[in-house]
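By written order: A, B, C, D and E. Residues from 1 in each chain.
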Amino acid sequence: MVEISALTYDGTNFTFQEIEGVEGLHALPKDVQTTWINIEGLENKNLLKAVADLYELHPLILDDLKEVSSQPKSVFYDEMIFVVLRMLSTSGVDEEITSEHISIVLGKNIVITFQEGKEGDVFDEIRERLPKVKSKHAKNSAAYICYHLLHAIIDNYSDIIEKTGERIEELEELILENPTKSAIVQLHELRNDLLQVRKAIVPLRDILFKLSNDDDEIISKEVQVYYKDLYNHAVHQVEQIEASRELAMGLQDLYLSSASTRTNEVMKVLTVITAIFIPLTFIAGVYGMNFKYMPELESPYGYPLVLLFMLLIALGMAIFYKIKKWF
Amino acid sequence: MVEISALTYDGTNFTFQEIEGVEGLHALPKDVQTTWINIEGLENKNLLKAVADLYELHPLILDDLKEVSSQPKSVFYDEMIFVVLRMLSTSGVDEEITSEHISIVLGKNIVITFQEGKEGDVFDEIRERLPKVKSKHAKNSAAYICYHLLHAIIDNYSDIIEKTGERIEELEELILENPTKSAIVQLHELRNDLLQVRKAIVPLRDILFKLSNDDDEIISKEVQVYYKDLYNHAVHQVEQIEASRELAMGLQDLYLSSASTRTNEVMKVLTVITAIFIPLTFIAGVYGMNFKYMPELESPYGYPLVLLFMLLIALGMAIFYKIKKWF
Amino acid sequence: MVEISALTYDGTNFTFQEIEGVEGLHALPKDVQTTWINIEGLENKNLLKAVADLYELHPLILDDLKEVSSQPKSVFYDEMIFVVLRMLSTSGVDEEITSEHISIVLGKNIVITFQEGKEGDVFDEIRERLPKVKSKHAKNSAAYICYHLLHAIIDNYSDIIEKTGERIEELEELILENPTKSAIVQLHELRNDLLQVRKAIVPLRDILFKLSNDDDEIISKEVQVYYKDLYNHAVHQVEQIEASRELAMGLQDLYLSSASTRTNEVMKVLTVITAIFIPLTFIAGVYGMNFKYMPELESPYGYPLVLLFMLLIALGMAIFYKIKKWF
Amino acid sequence: MVEISALTYDGTNFTFQEIEGVEGLHALPKDVQTTWINIEGLENKNLLKAVADLYELHPLILDDLKEVSSQPKSVFYDEMIFVVLRMLSTSGVDEEITSEHISIVLGKNIVITFQEGKEGDVFDEIRERLPKVKSKHAKNSAAYICYHLLHAIIDNYSDIIEKTGERIEELEELILENPTKSAIVQLHELRNDLLQVRKAIVPLRDILFKLSNDDDEIISKEVQVYYKDLYNHAVHQVEQIEASRELAMGLQDLYLSSASTRTNEVMKVLTVITAIFIPLTFIAGVYGMNFKYMPELESPYGYPLVLLFMLLIALGMAIFYKIKKWF
Amino acid sequence: MVEISALTYDGTNFTFQEIEGVEGLHALPKDVQTTWINIEGLENKNLLKAVADLYELHPLILDDLKEVSSQPKSVFYDEMIFVVLRMLSTSGVDEEITSEHISIVLGKNIVITFQEGKEGDVFDEIRERLPKVKSKHAKNSAAYICYHLLHAIIDNYSDIIEKTGERIEELEELILENPTKSAIVQLHELRNDLLQVRKAIVPLRDILFKLSNDDDEIISKEVQVYYKDLYNHAVHQVEQIEASRELAMGLQDLYLSSASTRTNEVMKVLTVITAIFIPLTFIAGVYGMNFKYMPELESPYGYPLVLLFMLLIALGMAIFYKIKKWF
């Protein structure tokens, strides 16, 4: 199901409307100051073709829209900027990270957004907030609307980064307390998730750098300040991700160190027990031999003396390992 | 066996023909808009020399064509661009990656491709697709034909990258379930394969960067947009390869952590069994001694009391290790 | 509790005053050469709004002030520079590192500082030092006051870096002497702390680079020399942090090497004891068998000969392991 | 022994001559188009001084020639380029890599090469090839002769890189089949060798980059194409070395993983054997005790029942470890 | 104790004199071509202040001179360049590396050096060499004197780098032959030393880069060639240090691999011994049981048959482990 909606600003008011098919787009007023068209669901290739024709999108943009696996990037065409981003969301009890593509076409007074629509409309909230913004830029400029869209995506990343931060802290406690195989698996999943988040944020940062430094006419100087602010956010997020990755590496090292220490401790216990009892067992074995002529066996003090001797050996061994600080 | 074919465009139609030797090349119409000559098989050095003479290729190009092991690169000569690429393909049951060189000479209205020909003609499909392209650039420009050739190579890389992605997932499962020596070997092969793919893609990315930013006349501004798109693809592929390499490193760490955890668990089992039975065996040994005067042996309660004592020791040990969370 | 204070310089004297609310700020003399306003406590959002209106701060500055988690950065607006920094402090017995944000707005003849105020006023000392500075720049330029503020922050980092240096040395000794689980945990905490300090200093270095190279009119050429000096300090601190991180990695390797060596030694002890006594116990077991026809048992020399034989085996084993340098 | 030779080109022919001392150099014709002087053996410091005076070399060049340990570099003086390179060669059965310095002074129509001469004249072959080169650049330009010299050095690196490639493959097989201490040592030597080769090639690449991009008059545009080709070769070699280093790191990981897996397997065997026999030995020990009142001992079914019981325990243990997939 | 000395060049001769206090500096002839003032010992802060006043040093230079822990850096003031360097020296039997600061102020015809003076005057030798230098630059230019000072420091680094190279080779042998805890500690110290040397050389390289590329008038074009030569030296030293660090990392890996191999070998010995004797001991235990009805015990062939059976088991085990290549 493809859903189309449009938000137009005529200089005084924002008008929101649901639109049916390409005809609805044709019927939109042409003389408004800014238009934002949102298309959810990309499975209708013909519709995409019609939209591309209507707004004179470059054939390569159309190719990218049709291709579901297209990667995050920004391309500057003559009259428009084409941006592909990745939207992350966690779902389910185990908070698996899923990824969705969002494509944005930014023209001088038009923004067109294309969502896969798997996770519902992520821009819902913006539609309500936009009319309330007091800044005068907001209402005149497509680039400012686009700024709000990118802001929503960045905020969404922040949530996910925060969640991974919490997972790192939980894992740290788990590894310090009782490192099990489950900890390794969780750590491994964490590292893979961090990699996935990084793969989404790093291109976004680079895109924002290009957008905030381009002297195209599409983004005016006043609005570019806002893009620089977004860029700073993205830089910070990348730093956070890198720090998280280092923390995760630190947990890996912590795990390995702990494991080798525990192995060592288990080994010491084994060695101490073996070292104490094996000689004693040997002695007991000697006096369990059935030789006819074993004078000690006849002596009434033999038994207590042997027990005493065994005790001394055991004590000696224990003191020896105590000195070696083995337990 | 060297096979030569030509595809010419006279402003209205594409004409494809198989060509016999250099004479056939001489006989090609000179007044067409664009010509694409494809040469499969590089073992006939004389033919290469003749082709180089005919199209006035730089002596260094000829050297590179003769040398089978020439590396991926792009060289800008006055009137032509020379590109060497590596084509990867997987073959056999174990999906071993093999590599083949493709050299492309791009002039203002001519493209010449040289293939080793081991894996058959990889450009077959393009010959059918080209006449169907509606864009007007396509038919006028050698650079646009070259774009299609490069696109085919990039797509081919995508397939291989995807396959390695699947191999990583399979390995992850294998390591988590039952890590064996086979997993190590597979992981090692995976890492080597990733290195090989990277060695092919990174130079291609750099070549595409140069091609899409050069202001040579050979690639017109309209066509350069397509090269930028290819460049973006290549950038993305390099990122995917890097991510795969990190995933592979993560699997390595996962393997080592799992191995150390398993060693630890085996050790604990060994230690617990030893710690429980060795003292008991010692006690049994003591009462197996043949001393004449061992009062306990005479007592009717000696045997059950010793058994009870042994049971208590065993229980004590078991509780002790249970508390230490060893099993 | 929000506390506001102002330091004004009228060309001859510095005047310090506590200020009550925004009205007090309105009442400040406008014709002084430089004014420094310090605001401690950011919880009163209305006050922040009023201050922003009074000094015509950019809406994005106000957003950042309201948002507690804003990251270190510097933004150049037309008439002012906005800097956000992180202030570190250690507290408690275990010297945990806590972090606080400080925002600085630097205009041509005004500096406004916003502190969270958790750790008290960190700029106390500067207020006393400023009137004593003899340099003529000091009294004329807001940028020079800002230099002193940044200097105080940098000095504070130096203290923390020095403390981590001491911790590294202590840990090194601990690991070399008696590596325990506590050492791993301490090392892990150290690495996390270093990461946190680095996250604060690296952005500061980049900010200082921008400040000392910008040819804005806000920071005059004479004062920029002082910012370059600060930049050099920050570069050095980053290098120190990086070196500390490498030292910490070295400690990690040291720990792992030591652990594997110790495991090896424990293993050798276990093996030597086992290897010596297990064969002897077996021999004793053989002569403990109850077969009717065991000729050795009858012989009067059986017992001493067996004991001798056992001694020889034990000696042989001991010599063998001595040659293998196992103990 | 210092050996001097000269190759001069008078516009039509190459003339080769052995030269005795500096006088011979003075006697060389001045009006030829290009001269290449080769000096083997650097131990005669006076001769070097005389040569430096004759060709007006910069004092720093003379210093570098006298100093044997001078590092690879290129220095651009007003009228000449001074290049120091490292020549690698493998010798002996264990193919140890040895290194020799070659210094090249390149003027407008003169090339002077200084070799240590330990490994014989490495440029022998070039002297024969040069007169056969058909390109017109060859005969007019000192830079083109220098190109051939550098080409010879690059080719020599290729051989060595290829050999290390073979060593990696052999080691891989060795480690996979039967990893021994010898494998570790070989791997360690390989890594050190790769480091040494890298230390020679990386500076050469940087030197070639400078030579092929400098717009000095010494290397003409036509010849610079050849230097760019060499640069591409060097870039490729550095990539190969880096890939080899990664492969070597992979082998290191392969070794460690294999080692930990093998340790684990040995541990399992030990644990299984211990776990099966220690309980049985204990039971045997119990019935070996000499208590007077042990009713089981009197029963005629005692012995077979105990044996059966032991068998059941052994089977139980074996099944337990079989389920745990320990063998 | 502060010691001051001056070396002046009046166009024909160098004059060296010891100087008492600031008055002596005032008394120095002003009309000489170049003056080099050397100050050893920085504890007299008043003297430093007086010198700074006399030569009009920037207040920040004075701050840096007073602060002992100032870091390596170069600052370009209007009329002078200020350089801080670190001088390394090894002392004692264990060749511990100690570090000392040297500050150099380079003006158009004056060089002022400030040494901590702990290790004596490191520039002694230069004072003797300078008058012998034949180059005409030497006598006219303060920058050329400064070049000689920097050269002395660079040479001093070379010695230390060479020593670490020797330590690496010794450690390599030690680890290959008999890896002990001492080897780990030595390796750890080596790595820390390499880090310290690197911390001194890397800033020096960057300083030399700046000095040799600055188009200040203080360093003339003719002298800059010499600074470029120093820069090349420093680049090479940094490369050597990096290579040494890689070698040290290689030794770390070598140690860990060896340790895991040795652990494995010890484990195999333990397992083989246990696996052979534990079953035998069990059998002996069985026939040591005191059951009344054990038919084997009565048989005259029981004993030899059991011994034979034991022998067969031992042989079987031994062959089994031989096949598994465990010893």
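Quick notes on this structure:
What we mean here is this: contacts are C-beta pairs under 8 Å (C-beta built on N, C-alpha and C of every residue); 3 or more make two chains touch, one makes a residue touch a chain.
From a predicted model like this one, the values you see are computed outputs, not experimental measurements.
Considering every other chain in turn, the ones in contact with both chain B and chain C prove to be A. Of all chains in the assembly, none touches chain D and also chain E. It takes 145 degrees of rotation, in steps of 5, to superpose the Cα atoms of chain B onto those of chain E. Inter-chain spacing, taken between the CA centroids of chain A and chain D, is 40 Å.
For the pair chain A and chain C, the distance between C-alpha centroids works out to 25 Å. Touching two or more other chains at once are residues 256, 260, 263, 267, 270, 274, 278, 281, 285, 288-290, 294 of chain B. Taken as a contact graph, with one node per protein chain and an edge wherever two chains touch, the assembly forms a single closed ring in which every chain touches exactly two others.
Order of chains round the ring, counted from chain B and going first to chain D: B, D, E, C, A.
Within the complex formed with chain D, the chain E residues making contact are 135, 172, 176, 225-226, 228-229, 232-233, 235-236, 239, 243, 246-247, 250, 253-254, 256-258, 260-261, 263-264, 267-268, 270-271, 274-275, 278-279, 281-282, 285-286, 288-294, 325-326.
Those residues of chain E whose C-beta lies close enough to touch chain C in the complex are 58-60, 71, 73, 75, 77, 178-181, 184-185, 187-188, 191-192, 195, 199, 203, 252, 255-256, 259-260, 262-263, 266-267, 269-270, 273-274, 277-278, 280-281, 284-285, 287-290, 294, 296-300, 302-303, 306-307, 310.
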